[in-house]
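Each of the next two complexes has chain A plus one other chain: chain B in the first, chain C in the second.
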Partner chain A sequence: MQLKIKRGEKLSILLFLAPSLIGLLVFYIIPFGGMIFYSFFDSPINGSFVGFKNYIELLNNKIYRQAVYNTVIFTGISVPLIIVISLILAILLNKKVYFKHKLRTSFVVPLVVPVASIILFFELFFDSNGFINYLISKLGLTTIDWMNSNWAMVVVIILYIWKNVGYNIILFLAGLQNIPKEYYEAADIDGAGVLDKFFNITIIYLIPTMFFVLIISIINSFKVFKELYLLAGDYPHQSIYMLQHFMNNMFRKLDYHKLVTSAILMAIVVYLLVFILFRLQRRINDYIGG
Partner chain B sequence: MYENKRVKLTIFLMLTALIMLFPLMMTITNSFMSNEEILSSYKTLSNESQKEDKSNFFSIKLIPENISIRQYYETLIAKHKFLRMFWNSVFLVTPIVAIQVLISSMAAFVFSKIKFKGRDILFFTYIVIMLMPFQVTLVPNYIVLDKLGLINNYLAIIFPGAFGAFGVFLLRQFMITIPNEYIEAAMVDGCSLIKIFFKVILPLSKGGIASLAILSFIDNWNMVEQPLIFLNDINKYPLSIYLSKINNMEIGIAFAASVIYMIPMILMFLYGENYLIDGISHSGIKR
Partner chain C sequence: MKNIIYIQFKMGGLDTMKSIKAQKIFIILIILMVLVSCSKDVNNTMGEDKDIQYKEAKLDVLEEFKDIEFFSVSNNDKLAVSGLKGEDNYIIITDNNNIIKEIKENSKSIESPFTYDNKGNLIFLDQIIKRENEEITGFLRRLRIYDSEYNLKNKNITNTIEVGKEELKNEMIVEIKVDSNGNIYALKLDNSIEVFNNKLEVIKTLDSDEYKDFDLDENDNLIVLNKKGDNIILEKLDGKKYSSMWKKEYKSSKRPYYISYNKKNKTLYGVNGGWILEYDTKEDTVNRITNLGELSTFDYIYNFSVNDNEEIYALTYGDKKSRFFKYIKDNRKKAKDEDTEKKELVIDMYRDYFNFMLKAKKSFEKKHPDIKITINTHPDIEFSQYREKLNTQILVGDAPDILYYDSVFPINDYIDKNVLFNMDERIKNDGEFNLNNYNTEIIDSTRLKGGAYVMPIDYSFDTLIVNKKLLDEKGININKEWTWEDIYKLKNKLNTDEDNKYYIFPKFENDWFIKTNIINQDLEYFLDYKNNKVRFNTDEFINKLKLIKNYYSEDCMDPNMSYEYIFDNHREADCSNIAMIPAQFNSYKYINHFGAYYGDNFNMISLPRGKYTNDRFFSSGLVSITKNSKYKDEAWEFVKFLLSKEVQLIDKGVFSVNKEVEKIQIKQMFTWQKENKGYLLSKGRYLAEKTDVDKVKKEINKLNKVFIYDEFLKIIDEEVSLYINGEKTAEETAKILQNKGELYLQE
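Our next item is the complex of A and B:
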């Protein structure tokens, strides 16, 4: 239901919207348009039109490809993983347990703790002379140079899950609490098993939440750069050199073309992803609802 | 039987929770270790030559041998650089949160309660912008800030932060749950939209506004990329940047500095945990 607005009030609607809209236009939308325009020129000042040349050069760049590959691998592994882990934890927290509130709090705390103040711990933990390697050597196994080998990806995934699992747990808990208890009771009467109830009730009614969790998890997977940057700096081991490193470094080097074109390509991918997910969600909702 | 299961489940969750809290606990307990104790425990971290010795592990300790608070004194009093950066953080984050709350609540009111042409497409645009990684919006931001001559000015960080789309999204999700009857009743009484906004919408959105303020504060207190790119003057850097450099150079006081840095966050969390959780839960609700 929407409100009916009197004609004279049209102006005040604009007044309410204007500050936010102007800010968004000035700082995001208009310059983004300009950026797209100039990505087809060889120089932002007095340049000549070069078509897709800048894009082709970027796509042929080895470092860019490596960064795309790493970002896709990281997001592709860590997002499904965090969704499964947070769903399991949310379901367990939703059962009858002691200290429910306190437990939930402990999962949310990492969200609040500033990264910069916890990064020292992770350095000590995963250093080649650090705590994990100490345990490994106690077991008589060969130690791992965590941050300077392909294992670095594992460290990043652990850091990502540690930091973000709480957010997803809250979202799933809210979703779980919205499922009417009667559904489970009815299923019990029908003699449904635990797995039946999980797949036919829990999962189905969590689908809307799932979409949101998926989007948030993907976005947070891009944000892991902050932690990564503090942990490993501008040039980490090549297996964890992400798109964001690439773009940051292109900015430092003032390589305008590579920066702008990769920003545009990333924006297109994020846009398509969100668009497809929203469409898919509407389809599935219609399907369940109707 | 049931009781037994409940105990087992609780123990399992407590162990998992312990893992989650471990980095925090270790940072806090280590902050009470003296400079010397930290250096002797973790000396190899900043010393490359000793790294060659693969059997020379750190002795990570949860409990300090002697409790010392001198590092706190050193960080807070002896190093006035630290305090200045703490205030830098405060001066950067407070205006972002304040402006964002004001602007977002106005726009969210319109998006949640008033139908107009192109509203849904416009709101979708907000969502897409909200979801863009910082590095994507960095170039557009930089172009404008450079044109406005704001580089190396705090406004270069405050403006893009305050005009971000997240606040509008979050508050719209809250305001949409306010029953229309309240607004209709006010309209029948002859209230203007402006009056409705201040007398009806804002008081009923207190929870949403609190959760936006907390979430935005957390996000901005943590900022790393923006200062590195938009500020040239190291003296203007907030604490988040300083801490990332302190770790290797002055490891003796790094834990104490870390704890001081997280205190505002922890206090805010203890005070506003329910708002925070409420805010996140609302952000997930469809429509």
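Our next item is the complex of A and C:
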């Protein structure tokens, strides 16, 4: 339906949008445009136009490829893992459980704990002379140097899941509570089993929520850099050296051309990903909505 | 659904009216928000700079008096100074450029500090040494009071203390202040404060802290400046109970070195470098009033006072003499127009120690009236913040014309990013600049990436003072090229008999020496930028790590004698069982200091050079011209001027790159030594001889590389510390550093 926008309303619409629009322009869109411009020069200070050389050099850079690989592996493992875990926990918490509210709160607490405290505990646990290694040595096995070997990825995944599972649980709980109970009752009457109910009702009606959780989880997987940086510093073990480490170091070393090029590449990838996901979601919604 | 939309349209008219009202409210809200958020930040620890201009006042009446070393200002702005007229010591009292009274000083007092009290009386504290048969037996303190007409009132209030020659120094009073009850507060040379009543009887002694300066406020409370370690604490003590009323700690560029309290304005002032600062303890702000260093030329201010009109009196020391200044407010507006035709050079530096750049700027501007120089210093931010600020400025193209910095800057990055200007061409083609007038080895050693992007203004280096007597006894030859392994072997070579225990080094309270030096000189080999190779995971590095650990774990460092203690106490520290002591040589004068370590036995060996790189580092103050400077010719003139005799002679306490100035400095050192022989010997210093100067020159000739800090050194330091603590093995550390190094190098 087309709504005719009255004249007076047009101005008020613009005014109400203005602060956000201006903020968006000044802090995101214009700098982003500037970035694209700079990515074709070899240096923002007294640089010369070099076309796509920055992009080609970057894609050939061994360390950059390592960073991209690590980021993709990390996101690819941790996001499905956290969705599965949080879904299972949400379903469990949706039933009649003792201390239901306290349990729900306890899952959300990791989101509000200050970062410094989180780091303190993870260091205590996963240091080569830390608590976990103490338990391992008690069991008679050789200790693992968590942060300085390939096991470091495990630590980061644990950190990510522990921190963000609460958020996803809440989202899933909201989605679960939106499914009308009549469907389950109807399925019971039809004699459906637990797994049938799960796959044919729960999952189907959770699909919009699922998409949202997916995107939020991907975003949170980038945010884990904050804790990771405080835990392992500028140059961690090469298996957890992520894209953000690369970009952070480029900024510090004044290699701004590499920084903007990698940021633009990342923006393109994320944009494509979100675009595909939204397309997919619309298709499935149409399929369900009928 | 349809009904709802119909109703919405019907309400359209009402909506428009409502929306216009909403618009108006919204606009008002936005304007309010903008106004509120643009107000000044209330929570500033650094207050606003007072935009008052000062200028030097002409003190014609004092022109015939030389050597003014003490002064006091009364409540009604009468000024009393002590000075020499001809051969005699006088106290001159002036009132607005008129001499009111001249008092000839003829007491036998060794030093008579004086002060005005609140009623305008001028009070002196004479200190006369008592002798019996050529032996010093004590001090006679005598109170001398002149009333406001400058007639001598009381004369016979005295106080005698019995001290020997050794404690005499400690008992000497350098400053006095009098409160409204006539009590006299005296600051002694041993940094304690003694309070006397008006009969010169001691009421209280404050000696629990190290007091550097003090003043009284309008309620007779005591404001003190005490030094605790590296920090300065400003504290207010109650006038009767001497309990602490408040306490504030100040660091670096905000700390006052001397204080002055103005009772009428109830304001506390302090001096730091050339800056006069105002301390508002209620609001906890520090305001900068003015930089006296910009108005006059001196090295430092050692006494000052601010009167009711915020005019400033200052006693300064510079050019080997003290000078007295008065500064009054300058109501002229800053002349703007005449500057627009001048070429402007902007110099950026972190801090201007000794106001050195200011002095250079003033001379240069006199010689080149068409060039104006602006010096930007940043005394109130942390060093890392300054580095980030500079990087951002360079990035946006707002770079200064000239940078003055030292090795802790990412100079190599600046060169890579095309920020710095290569002065090679100027050096070759400028007929006025002859490279042979300067220390060419040092200048060559500051060439980076194949060009003259930085020019050294001065330099300093580290070395090892050796206990030649001990090493000769043990038959160890010092005239060879020592390596760290050789030095380590001393542990066994020295301890040949069971009776005496000998050590290689003293211990280090600030633990840097061994860790840093063994690895730093070879950094270019382990982190090889040129060949893009990282060599930490090699036997060579692992052996270095093991060597470092050996130094720490096996009795190589004397647990009873620290490097810091030796530096502070030199001759009094007994180092006879220590083979070598590190020393940082900043100028030839340091020979007096380091020669006292081993009882007039001055010998040194160079720090081992890089095993795989042959690098021998030195530190240097460096100056660069930025590439996008509009006035490169003028900037080059200024750089040359900084290397010239006039500027290099400004005493900054570092070695000069100008050969002629170096010769002059050596000569000046010997003259100063001769003139101050007694003082030096009493302090336990060593008197340098020509052969010692030659020894130092020999070390300077070996230096071959300017030290530029590499960020990776911090990472190396962290990992090596873990290794030394035993948390990781050498192989693990090497592997970790290899991984990190590869990431760092190949990013």
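FYI, the second predicted complex is superposed on the first by the 280 of 290 C-alpha atoms of A that agree within 3 Å, B and C clash if a C-alpha of one lies under 4 Å from a C-alpha of the other, contacts with A are read in each partner's own complex, and residues count from 1 in each chain.
Assume a residue touches a chain if its C-beta (ideal position, glycine included) is under 8 Å from a C-beta of that chain, and two chains touch if they have at least 3 such contacts.
The shown structure was predicted, so the numbers you read here are calculated from the model rather than taken from an experiment.
In the superposition on chain A, A:148 makes contact with chain C only, not with chain B.
Looking at the shared chain after the overlay, A:43 reaches chain C, while chain B stays out of its contact range.
Of the two partner chains, neither chain B nor chain C is touched by A:205. Of the two partner chains placed by superposition, only chain C is touched by A:253; chain B is not.
Judged by the touch definition given at the top, the superposed model places A:93 against chain B, while chain C stays out of reach. Of the two partner chains, chain B and chain C are each touched by A:9. Once the two complexes are laid over each other on the shared chain, residue contacts for A:237 go to chain C alone; chain B is not touched.
In the superposition on chain A, contact is made by A:128 with both chain B and chain C.
Once chain A of one complex is fitted onto chain A of the other, the partner contacts of A:229 are limited to chain B, with no touch recorded for chain C.
More residues of chain A are touched by B (comparison of chain B with chain C). In the superposition on chain A, the residues of chain A contacting both chain B and chain C are 1, 9, 12, 15-16, 19, 128-129. Against chain A, in their complex, chain C makes its touches with residues 5, 12, 15-16, 19-20, 22-23, 26-27, 30, 391, 394-395, 397, 399, 410, 413-414, 417-419, 627-628, 711, 715, 727-728, 732, 735-736, 739-740, 742-744, 746-747. By the touch rule above, chain A contacts chain B in their complex via residues 1-3, 5, 9, 12-13, 15-17, 19-21, 23-24, 26-32, 34-35, 89, 92-93, 95-99, 103-125, 127-131, 133-134, 137, 143, 162, 165-167, 170-171, 173-175, 208-209, 212-213, 215-216, 219, 222-223, 225-226, 229-230, 243-244, 247-248, 251, 259-260, 263, 266-267, 270-271, 274, 278, 285.
Of all residues in chain B, only 6-7, 9-10, 12-14, 16-18, 20-21, 23-24, 26-27, 42, 44-45, 51, 53-58, 60, 102-104, 106-107, 109-110, 113-116, 124-129, 131-141, 143-144, 159-160, 162-163, 165, 168, 180, 183-184, 187, 192-194, 197, 218, 221-222, 224-225, 229, 239-241, 243-244, 247, 251, 254-255, 257-259, 261-262, 265-266, 268-269, 273, 276-277, 280-281, 283-286 touch chain A in the complex they form. Chain A contributes residues 1, 6, 8-9, 11-12, 15-16, 19, 43-47, 61-64, 128-129, 145, 148, 233-235, 237-238, 241, 246, 249-250, 252-256, 258 to its touches with chain C in the complex.
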